[in-house]
Amino acid sequence: MKYVYYPGCSLGGTAREYGISARAVNDALGLEFQELADWSCCGASSAHMTNLDLALALPVRNLALAEAQGARELVTACASCYQRLAIVAHEVNTHPRARERANQLTGADYKGGVTPRHLLDVLGKDVGVDRVAARVTRPLEGLKVACYYGCLLVRPVKATGFDDPEDPQTMDTLVKAAGAQVVTWPFKTECCGASFSMSRTDVVAGMAAAVLSEAKAAGADCLVTACPMCHSNLDMRQSMAARVARTTFNLPIYYITQLLGLSFGYMPRQLGLNSHFVKALPLLRRLRLV
Amino acid sequence: MTAWLDALRDHVREFLSEPGVDVFIGYRAGRRGREVPAFLTRPEQASGLVLGPAASGALAKYVLEEAAGTTGRLGVLARGCEALSLQRLVRDLRVERERLHVVGVPCAGVADLAKLEASLGALEKVESCGERWLVTAGGNRHDVDPSQFMEERCRDCASPWPQQCNISFGQAVMSPASPDYSTVAALEALPADERYAFWIRQFERCLRCFACRQVCPACSCVECSLDLVDPPWLGREITVPAQAMFHYTRALHVAGRCVDCGQCQKVCPVGIPVALLNRKLARDIQELFDVQNPFVPGEIEPLGKFRAEDREEFM
Amino acid sequence: MSVGEQSWKPTIVAFCCNWCSYAGADLAGTSRLQYPATVRIIRVPCSGRVNPQFIVRAFQRGADGVLVAGCHPGDCHYSTGNYYARRRFLLATRFLEYLGIEPGRLWVRWISGSEGHKFATVIKEMSAALERLGPNVKLREGAL
Amino acid sequence: MKRVGVFLCWCGSNIAATVDVPALAEYAAKLPNVVYVEQNKYTCSEPGQEQIRKAIAEHRLNRVVVAACSPRMHETTFRRTLASASLNPYLLEMANVREHCSWVHQDRAEATAKARALVRRAVAKVQLARPLFQSSIPVNRRALVIGGGIAGIQAALDIADSGHKVVLVEREPTIGGRMAQLDKTFPTLDCSSCILTPKMVDAAQHENIQLWTYSEVEEVGGYVGNFQVKIRRRATSINASACTGCGACWEKCPAKTGNEFDLGLGQRKAIYVPFPQAVPNKPVIDRDLCIYFKTGRCRICQRFCTAGAVEFEQQDVVVEETFGAIVAATGFEQFDHAVYGEYGYGKHPDVITGLHLERLISASGPSDGKVKRPSNGAVPETVVFVQCVGSRDEAKGVSYCSRACCMYTAKHAIMLHEKIPGVSTFVFYIDVRAAGKGYEEFYARAQELGAQYVRGRVARVYQRGDKLVVMGEDTLLGAKVQVEADLVVLATAMTARHDAQSLARTLGISYDQNGFFTEAHPKLRPVETNTAGIFLAGACQGPKDIPDTVAQGTAAAAKVNNLFAKENLLAEPTVATVNEAWCSGCLWCKPTCPYRAIDSKTISQRQVGKILTRQVATVNAGLCQGCGACTVACRTGAMNLLGFSNEQILAEVDAICP
């Protein structure tokens, strides 16, 4: 299976381990990801708050590039990129004037023929749980995972729509396929406050604490996510959240591709499992998964 | 000579001897090699019945005139297209099925007599002989390949074997699974303007002689709306748009009821491809309304019924 | 393009069923929705009353476009009239196209009594589409 | 000689501001056969109408065109004007230059040009108008009421009390409907059963009412005054006249399932009465559940029935009856709030709906009136009510307000405070709508008793240990709030019956985008439908509470009585008619007629000295509603529609084009 792939900025930076683990998983599953040539920032997390033209033009530039390269879909692993691309794709497809404006701004001639997709959607639908399960060589037995989708991945339904916005399941089925145990918990799609990650760390600490507390209360010993924002917030801000909640969490935050990669038999280093703030390996060692 | 013709004559002779029988409609030999409609009322006339490639008319519609004001039974000879035409008249309640005695015969296509005459000279006789035709013309006998001289409408005949007959003679022939719409598709492939120009070229020749209507088994109205002065459906003025209106109306009036006998096109003195209009509508009816064969009269005509889940294009 | 051509506005003859589409047009009026003065409505009891011959008649007499509007399927005041209309016009739209009339000349739309907005939108869209097509000369008396 | 008068209305400035009426008058005067033109400020006013009457007399007008508003507005008015001037009312034609012209266009020149075309059309059509006369149809004074809830019961009683026969058809084994499920009613807190049960008994015992429970309407034909209705009376498997209602059968029946009446909170048997006060109080056998019907063995109920009333061999019976009028009172359903996964309905047993709570509070309910948590039977200490679950939510539910929820939630809060001392209740709401007599006071009382109203939506309900955590937002404080609750009660929207559309099609009435039946006019004809003789009562027309439902039931009955006050109805004369000379008798018109108004008849014709008999189509003018579908099926045009004739429409097309 071949896809045109939009990496986004995070996957080369703060979420480098997401980027490399995604490559590893794709290789293992025989997915061919061709990087979108000349891609640029999608404007995520700030553009739509500050400049509507920019918020429109940046994603359309990338969509138009994909369209010009003959792609009908554009796959991204970052939940934030995905959401921006999907919202704008929806917007220009439902409002001809928005498309005109975007084309005018970018000088492109985007016709609306590209559907942005998230990697999770591709893994869940195109590859399918059965094929993922078949590739597992080291089942993640004993790992109790809280699947955390965050607020961006499945909302708004009009634009995204690949999973239930209140109780999404894609990641759950994949984690189960990898042999881990999924806990039932209510905060799958709660916000972690990522947009305030830099500006209002006090707010973020409180919100992250709520998410982490619920995961812990539900019996999880780690969280899994498919969003670089969620990851950095829950991982990097975890100690601060623990102080706010006057507790210790000690909950490693994994990317879905890291867990899948691990179950496929990759070494921790090949998946960037050594680069987390909350140490990612001790738990795995304890369960004899590495 | 066709093998079953004697048996047919015997049957008709017997039929005409039965009480309450008014007439048998078949073909007899005419002048110049033609075979023309015959209206037999006495048993002894049966020996004069003929049926060969030169019988290029259509008998079904004569039933209407014969049935009007009488109550007796009517026999009629029917090839595939004529049998469908009779079904049409029955479905349109123009004649009761019980009054008809339909005698089915096979048909492998009739001769384009004008074309034969043009290439072989004055016709004297046209007979079928196995797969070939024996034509006597200009004093000579010719062995002719039927495919060269067959009427156009017979070439892609979808109903070579008559259905729903009281009795039939000869060997049954398989019908093709679906009518052939290739001529329609070819025209559809043209750009709109060219198609328009094509039809205008056809319609401007129209003499409004109404021969297409007169011969049509689906045009059996007591009074034709196109003859009426009031309401002025058509108007009296002879303009190309009015001619177009005529053909549009005629085609829509037979839409869903046309049996594709092809007579309309055959009788047109100026060669307008009238059947090409009928076939377009039939093709669309077949596709849009899931009608298996739109040329076979059904219980209710496709435009007289609907399904709630019919195709929706008008939201 | 001359000035005269630029100011040309199409003429639309609309057959509206009394119960839904005519009421929809009335609602557009009571809601003061603005749409081009291109449309002229002929009231019929039901879209099932519209004879396809009326359509060609309108083209003959100089209409640039014809709209047939009725209740949504399932909502016919007479319960089934629009279903017959739907069959007739599925056929007639294709047939007119076959005769070489541009597909955008005849529109059929279901417009309910509560869809004043839809009525106005259909007229706006249809007017714009006809302006792109230009005046109709096909089948028009005097143009041939 | 046609003498047409044209009356142009200014409608104050409604028309005149956009259309140049004087110019239009000048233009109209030149149209064929127009002999008189007049402008009025308000043609529909009494002086305006008087002018028409005067002009008809003075100028010997025999055709009238009024260019004014929509004929849907004033055609009847002006027809009456013509009639009062001794001119046949159908010699009128209106040009709609207001709704279709002055109100929707701004450019004066364009609007005036269009108005000219519209007047031209009307003048052309009116020339071909013929005097038409109403025909009369006898009225069968017997009514069918579909649905035995409070709306249907009320309508049936009111019709029956006026001396007319009524058949009340109910799908369930008992009448009573939703109201029977309720414990108390707002704002008076009357016991629902206490006020409903006597009415149910009245309906059952009324000499003019036939009660057909466990029955459904299958087919409706005919027309006002003469509906032919096929009703399926499902086999109850019980001989109703033999059964004493003793209850031995259901005591002994071994097959159990959740009781629908208690929304599954309690149990019922295969042979059952839905609730103790059911009317008729005779059981039915649920054949899908009954062991005998599934396996051929059991018959325990039959063995224990001393009256010998159990009849397994009963079959459904389809009866055909004639009615003069029909009242649809089929009620509503609860919104399927499964789409609100975040509220955890179905996942957490302690998340219930308002109707569940009614059954829990009800003394005759599965818990004998004790409010208990379904999960563990404990008495709840904290209860959260969530309003607008489905209502006012275009994204996931319906766009409308369900009207009754605010008040029944206040009622629930009041009742909980009365039943459970020290309970805390929270009500999450968008707005509180308490428009009704005594409603605002009722809402205030709920607050006084301690119900805490929180303005905001609930985002999530989840289980934490034994408790339900309700996360929401208080928009007045601008803060997130969390409540640990024992019970969460969802005020689910009232929606149309899932099969309402199919009943609408059977009845030939229309329904809105939400599936509620559409009234003929939202303000002025609220219980009539666009199909004459069919009326609406209760929540099948839209969400409403009990007082409104009862009022509508009575209103529908008044309309039926109104109809039944006449021996004959006058039918619109704009019907199809056959020109027998042109008709070929093919009868292809017949299948297109939804009213079965077309039949064939034999005519004799003299032709060339012979008498010919032949078949032609004929229209029953009483049955025909004038849709005209047949006219298009007729190729000759022998079938024509009076008032919308082929001649007229062709003339209109000719006149309206440039």
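Order of writing sets the chain letters: A, B, C and D. Residues in each chain are counted from 1.
Here is the rule we go by: a contact is a pair of C-beta atoms (placed from the backbone, for glycine too) under 8 Å apart; a residue touches a chain by one contact, two chains touch by 3 or more.
Computed from a predicted model, the values in this text were never measured in an experiment.
Trainee: Give the chain pair that accounts for the most C-beta pairs in contact.
Mentor: C-D
Trainee: Taking each chain's centre as the mean of its CA atoms, how far is subunit A from subunit B in angstrom?
Mentor: 70
Trainee: Suppose each chain is reduced to the average of its Cα coordinates; what separation in Å results between subunit B and subunit D?
Mentor: Comparing mean C-alpha positions, subunit D is 53 Å from subunit B.
Trainee: Counting in whole Å, what is the centre-to-centre distance of subunit A and subunit D, each centre being its mean C-alpha position?
Mentor: Taking the mean C-alpha position of each chain, the two centres sit 50 Å apart.
Trainee: Show the residues in subunit D shared as contacts by 2 or more other chains, in ascending order.
Mentor: Each of 592, 633, 646, 650 in subunit D touches at least two other chains.
Trainee: What are the residues of subunit B that contact at least two other chains?
Mentor: Where subunit B meets two or more other chains at a single residue, that happens at 233, 303-304.
Trainee: Which positions in subunit A touch two or more other chains at once?
Mentor: Not one residue of subunit A touches more than one other chain, so the list is empty.
Trainee: Under the stated touch criterion, can you name all the chain pairs that qualify?
Mentor: A-D, B-C, B-D, C-D
Trainee: Spell out the residues on subunit D that touch subunit C in their complex, using ranges where they run on.
Mentor: Interface residues on subunit D, with respect to subunit C: 70-73, 96, 98-101, 103-107, 110-111, 113-114, 117-118, 121, 501, 505, 508, 510-512, 530-531, 574, 592, 594-595, 625-629, 631-633, 641, 644, 646, 649-650, 652-654, 656-658.
Trainee: In the complex formed with subunit A, which residues of subunit D make contact?
Mentor: Touch list, subunit D to subunit A: 340-342, 395, 460, 462-464, 469.
Trainee: Could you please specify the touching residues of subunit C with respect to subunit D in the complex?
Mentor: Interface residues on subunit C, with respect to subunit D: 9, 11, 13, 18-19, 22-23, 25-26, 28-30, 32-37, 40-46, 48-52, 54, 57-58, 61-63, 71, 74-81, 84-85, 88, 114, 120.
Trainee: Which subunit B residues qualify as touching subunit D in the complex?
Mentor: 68-69, 92-94, 220-225, 228, 230-233, 253, 300-301, 303-305
Trainee: Flag every residue of subunit C that touches subunit B in the complex, lowest number first.
Mentor: It is residues 52-53, 56-57, 59-60, 73-74, 80, 83-84, 86-95, 97-103, 108-110, 138-141, 143-144 of subunit C that touch subunit B.
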